[in-house]
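Multiple structures are listed underneath, in structure tokens.
Two complexes are shown next, each including chain A; its partner changes from chain B in the first to chain C in the second.
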Partner chain A sequence: MLQILLNGIIAGAIYALVAAGFALVYSTARFVHFAHGAIVAGGAYALFFFFERLAIGFWPAAVLAIAVAALLGWVCNELVYKPLRHRGATPLILLLAGFALLVLIESLLLLIFGADVKVIRVLPVERGMDFFGAIITPLQVVIVVVAALLLVGLHAFMSFTRLGRSLRAVASNKVVAQIRGISVEATYAKAFLLASAIAGVAGILVGMEYNLEPTMGTSLVIKGFTGAIVGGVDSVPGAILGALLLGVAENVAAWYLPSGYKDAVAFVLLFLFLLFKPNGIMGSNKGARK
Partner chain B sequence: MIEAYLAHLLVLVCIYIVLAVSLQLSIGFTGLFNLGHIGFYAVGAYASALLALSGQPFWLCFLAAGVFAGLTGWLLSLPTGKLKGDYLALATLGFSFLVYAVALNWNDLTRGALGLPGIPKPELFGFAFSDTYSFLALAAVVAIASYLIVQRIASSPFGRVLGSVRDDELAARTLGKNAARTKSIALASSAFLAGLAGSLYAYYITFIDPFSFTLLELVPVLAIVVIGGLASLEGTILAAFLVVLLPEPLRFIGFPSSVIGPARQIIFALLLLAVLLYRPKGIGGKVELD
Partner chain C sequence: MDLKVAGIVLAVVVALGVVLSGAFELTGAVAGGPLPVKIGVVTDFTGPAASWGESTRMGAELAVAELEGNGMPVELVFEDYKLESRLAVTSVQKLVEVDGVDALYVEFNPGSLAVAPAMADSRIISMFDAAAESPIDYSQLSFKTYLDYRAGCRQLAQHFKADGVKSVGVLKANIEFGELCLQGVREIYPDAPVQSYDLGEADFSTPLARLLASGTGAVVQVGFESDALNSLRVIREKNLALRYGSSDDVVTQRVREEYASELKGGWLFGFASVSPEFKQEIWAKYGREPFNYYGAALAYTHVKQIARALYACGREVECAVEKLSESPADATIGFKRFEGRAAVFDIGITSGLGVAK
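And now, the complex of A and B:
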């Protein structure tokens, strides 16, 4: 049972990074940034390209992967979302555009890297350590620690820095923020950069722990937004909590059900929360639509 | 040879017309942003294929496909009736993933990833639609019938109720219209037609597996609806020809199939983005998405 819980937390830690970025965009710009999963995939493939193909060493490759992801998210916003917002497009059109972007980026990855599964070997495969009777590998410890540090850092950033405060200001009231001299578009652009950089880190962790497939973005964005909705989509800490819950729920379900249903768990949770608690566990009532 | 190839493309156009006009019924005419259409298509295809393999006649399998899918649509509409906009989009998207997971994992019924081979060619009044040309005639009849049915619904008094629910649900309810029931009927009818399309597909290809019903399959259908323009049936027909035929030249340039697949998706995604950005009403759209 501890092993299931532990596996759940490891998966949940990665989902939490995806969900945090997703919730960051959702809470500031108020729409479902569907392409967020593709940005995680973009980060993972960038790591593969720089680390495995060009062999420039792990740290430079990781920094470049984060930069690629951040750039990708920024480009999505500048070229697609921003012009759509200028035209007064509704959140639904932005969702549709995000869906198109997701398909576009995934197909490009498929075209460039091929359909075969890619593996990134950073740490040598080691035997897991014994942790109160459960097995955990050093890599998994790294994943949980990195995710936790990053999420705490994000929270501090949102609470104490000027940019963090302006992000929250735009999230809570766009018009008032604008009156107080905050440029809403510039804030959106920064939210995209930040969220996508976090997505890049998520991509690196996913790439090291699991295998890479071009379609991984779809499943990750689903995990991310399920986590976000379960926890409360306009609350970044809520999204993290929701993502951890999802990770645990999936691994518990995989214990009892055929493993193929593991991916369906996210949807059952998503469905239940949309129906019965659309604001999530920690979300405020303000942002939710009935 | 070239005639058979053209006939094959036209069969695909017909199947996509059935899918797209039925999606228009929910998205365009009723304003229900339904991303679960591929789920209904899958339910229809599986219902039809399983009955056909158990020796049932074509007309029964074909109708059962519609009825099963329609019932599924009606059931889905009950819990999701209150959801709006992007929440409905996510919930219905979740539904199509659930259908996919069930098709992949319910091995006793669907044979999972192995799929269902050997679906017999349809027979009606002793006439077998065994070659592409006769199948094209059948598919064309179904496509034209779906078009006429949706057109008839849209221009009927009930169609005006659908439009009023789309444009101003509160006003419709104030005038004594039962908005929840209206939406249920719209979704169920839309799903019924998608089920028929699924049956056509199963009979045409004679083999189905879960991978024919992934989220990627939704991309061309959505592209047709958005390019055609919401609530525009003529636009939808034109767009169906455009979307099916446009990527075909790729074959003649001599690209390998590993390139054609992603390249098709890239074309669809770019088309979708271009329409959203530059011509949000599509070819003949009467309403904008919101």
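And now, the complex of A and C:
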């Protein structure tokens, strides 16, 4: 049972890496940024390109991959979302634009890298370490630790840093934030940069743990979105917790139910929270928002 | 001459020319022989299976060159559907209604499963190169080729049983050939436990742990290369005492190189062989080998069969279907016969490391 729990925590940590950036954008810009999944995939492929194709050392390749992901997210905002916002686009329009970007970026990855499975081998695949009878690999430990650090770090960032407070101010009431001298568009741009950098980290870890396929971002963003809804989509720590819970629930359910129901678990959880607790575990329950 | 009159005369001359050239085509009165048989090939040239599609083209064109040498001209019309089902249907519509093909050769499950119902009322012979069996249920003019996954997985199970493995589990992809494989395994192990998954799933930790907990000593999985990579990685990382069985187009050279120790004691099924003569002919024509000899050999075999059947019957469809059904054995890729319009091949079993049994 401990192994199943551990499997769930590892899966949940991966979802949490995706959910964190996703929730950061939502909590600031107030729309569902589905292209976030493609940014994760972009980060993974960027690492593949720098580390495997150009044979740059791992750490420089990782830094470059994170930079590429951050840039990709920033470009999405500058070229697509920002012009749409200036034309008065509703969150629904922005959501549809996000879908279109997801498909576009994944198609570009397919065109550039091909559809065959890619593998990033930084660490050799070896037997994992024993942990009270369960087994976990060093990379999986890193994934869980990074997810935990994100939980703590992002909470501290949003609470105690100037940028974090700006993000919260814009999320809370952008008109008042503007009056206080906070540039809303600059804040959005920074949110996209930060969220996409986190997506880059997620892409690196996911790419090292699993294989790379151009459509890997789609399934990740669905799980990340579900986890964010469960935990509270406008709370970054909540989204991370929700994603962890989702990973554990899926794997425990897969142990007791036919494994084909694994995805059903995610969507049943989603429906239950949307029906009975739409703000999620840690989401705020504010009234009308600007 | 008045311009208006000149324009009318020109239009009449052009129209006459079009009509006459069409009439010549219809009557076959053009010097040079009979109208070529037209075969539409629907495959993937730019999508996930692009390298296989290119192999198909090589085999099909080699077949055409041979047929032309025997006085049976064939025109191939290729369509790229990128493994997207809706594109397969529109490609086939174009081939049938615009290009007027005499027969179709459709590759891979997504296209075959999408096109087959659409061809239910068609008068075109269709050959589906896919692991799924259902495409031939829609029309008496349809044929199916590629490996029999039920038979292949049954043979894997038989080999595991001969090795003394008490129970074999199945990691079943939620797609038709996954179900066929499960049926094959259960002919030998009726109580074989199963863990199913959707294509694209990357995490097999819990399903494999559950199979192991239910007492299985081996797992059979047919799917794609990424499935094998992900499963074998878990087997190694978690040190699971599980042998691995699959098809040899899933366990690629890359998989064998990376997971040689996990594949020891396992079994793979695939086509028994591709004839050395065919390989030589490919090299002679192209100066290189295809990404996958299977794809090239299948296209080569079936394009010839379809063309011969159509020529033998003057394109009369029912006659051609009968002739095609009676196609003789062909050593190119171990084709034995058609049974109920499904191709039967010699199935080869190799050890997990690719050593023939």
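Keep this in mind: the second predicted complex is superposed on the first by the 277 of 290 C-alpha atoms of A that agree within 3 Å, B and C clash if a C-alpha of one lies under 4 Å from a C-alpha of the other, contacts with A are read in each partner's own complex, and residues count from 1 in each chain.
Assume a contact is a pair of C-beta atoms (placed from the backbone, for glycine too) under 8 Å apart; a residue touches a chain by one contact, two chains touch by 3 or more.
For clarity, every value in this text was computed on a predicted model and none was experimentally measured.
Per the definitions stated earlier, placing chain B and chain C onto a shared chain A by superposition produces a clash between them. Shared-chain residue A:Val176: touches no atom of chain B or chain C.
Once the two complexes are overlaid on the shared chain, A:Ala115 sits against chain B and chain C alike.
Of the two partner chains, chain C is the only one that A:Gln3 touches; chain B does not reach it.
Judged by the touch definition given at the top, the superposed model places A:Phe225 against chain B, while chain C stays out of reach. By the document's definition of touching, neither partner reaches A:Val63: not chain B, not chain C.
Comparing chain C and chain B on the residues of chain A they touch gives the larger count to B. By the touch criterion stated above, A:Pro258 is placed in contact with chain B and with chain C alike.
Looking at the shared chain after the overlay, A:Ala11 reaches chain C, while chain B stays out of its contact range. Contacts of A:Tyr210 after superposition on the shared chain: chain C is touched, whereas chain B is not. Of the residues of chain A, those at positions 110, 114-115, 258, 260, 263 touch chain B in one of the two structures and chain C in the other. Residues of chain A that touch chain C in their complex: 3-4, 7-8, 10-11, 110, 114-117, 119, 125-128, 135, 137, 210-211, 213, 215-216, 219, 251, 254-255, 258-260, 262-263. Contact residues of chain C toward chain A in the complex are 47-51, 174, 195-198, 200-203, 205-207, 209-210, 224-226, 229-230, 233, 236-239, 254, 258.
On chain A, the positions that touch chain B within their shared complex are 31-32, 80, 83-84, 87, 89-93, 95-97, 99-101, 103-104, 106-108, 110-111, 114-115, 218, 222, 225, 229, 258, 260-261, 263-264, 267-268, 270-271, 274-275, 278, 289-290. Residue ranges on chain B touching chain A, taken from their complex, read 33, 79-80, 82-87, 89-91, 94-95, 97-98, 101-102, 104-105, 112, 215-216, 219, 222, 226, 258-259, 261-263, 265-266, 268-270, 272-273, 276-277, 280, 289-290.
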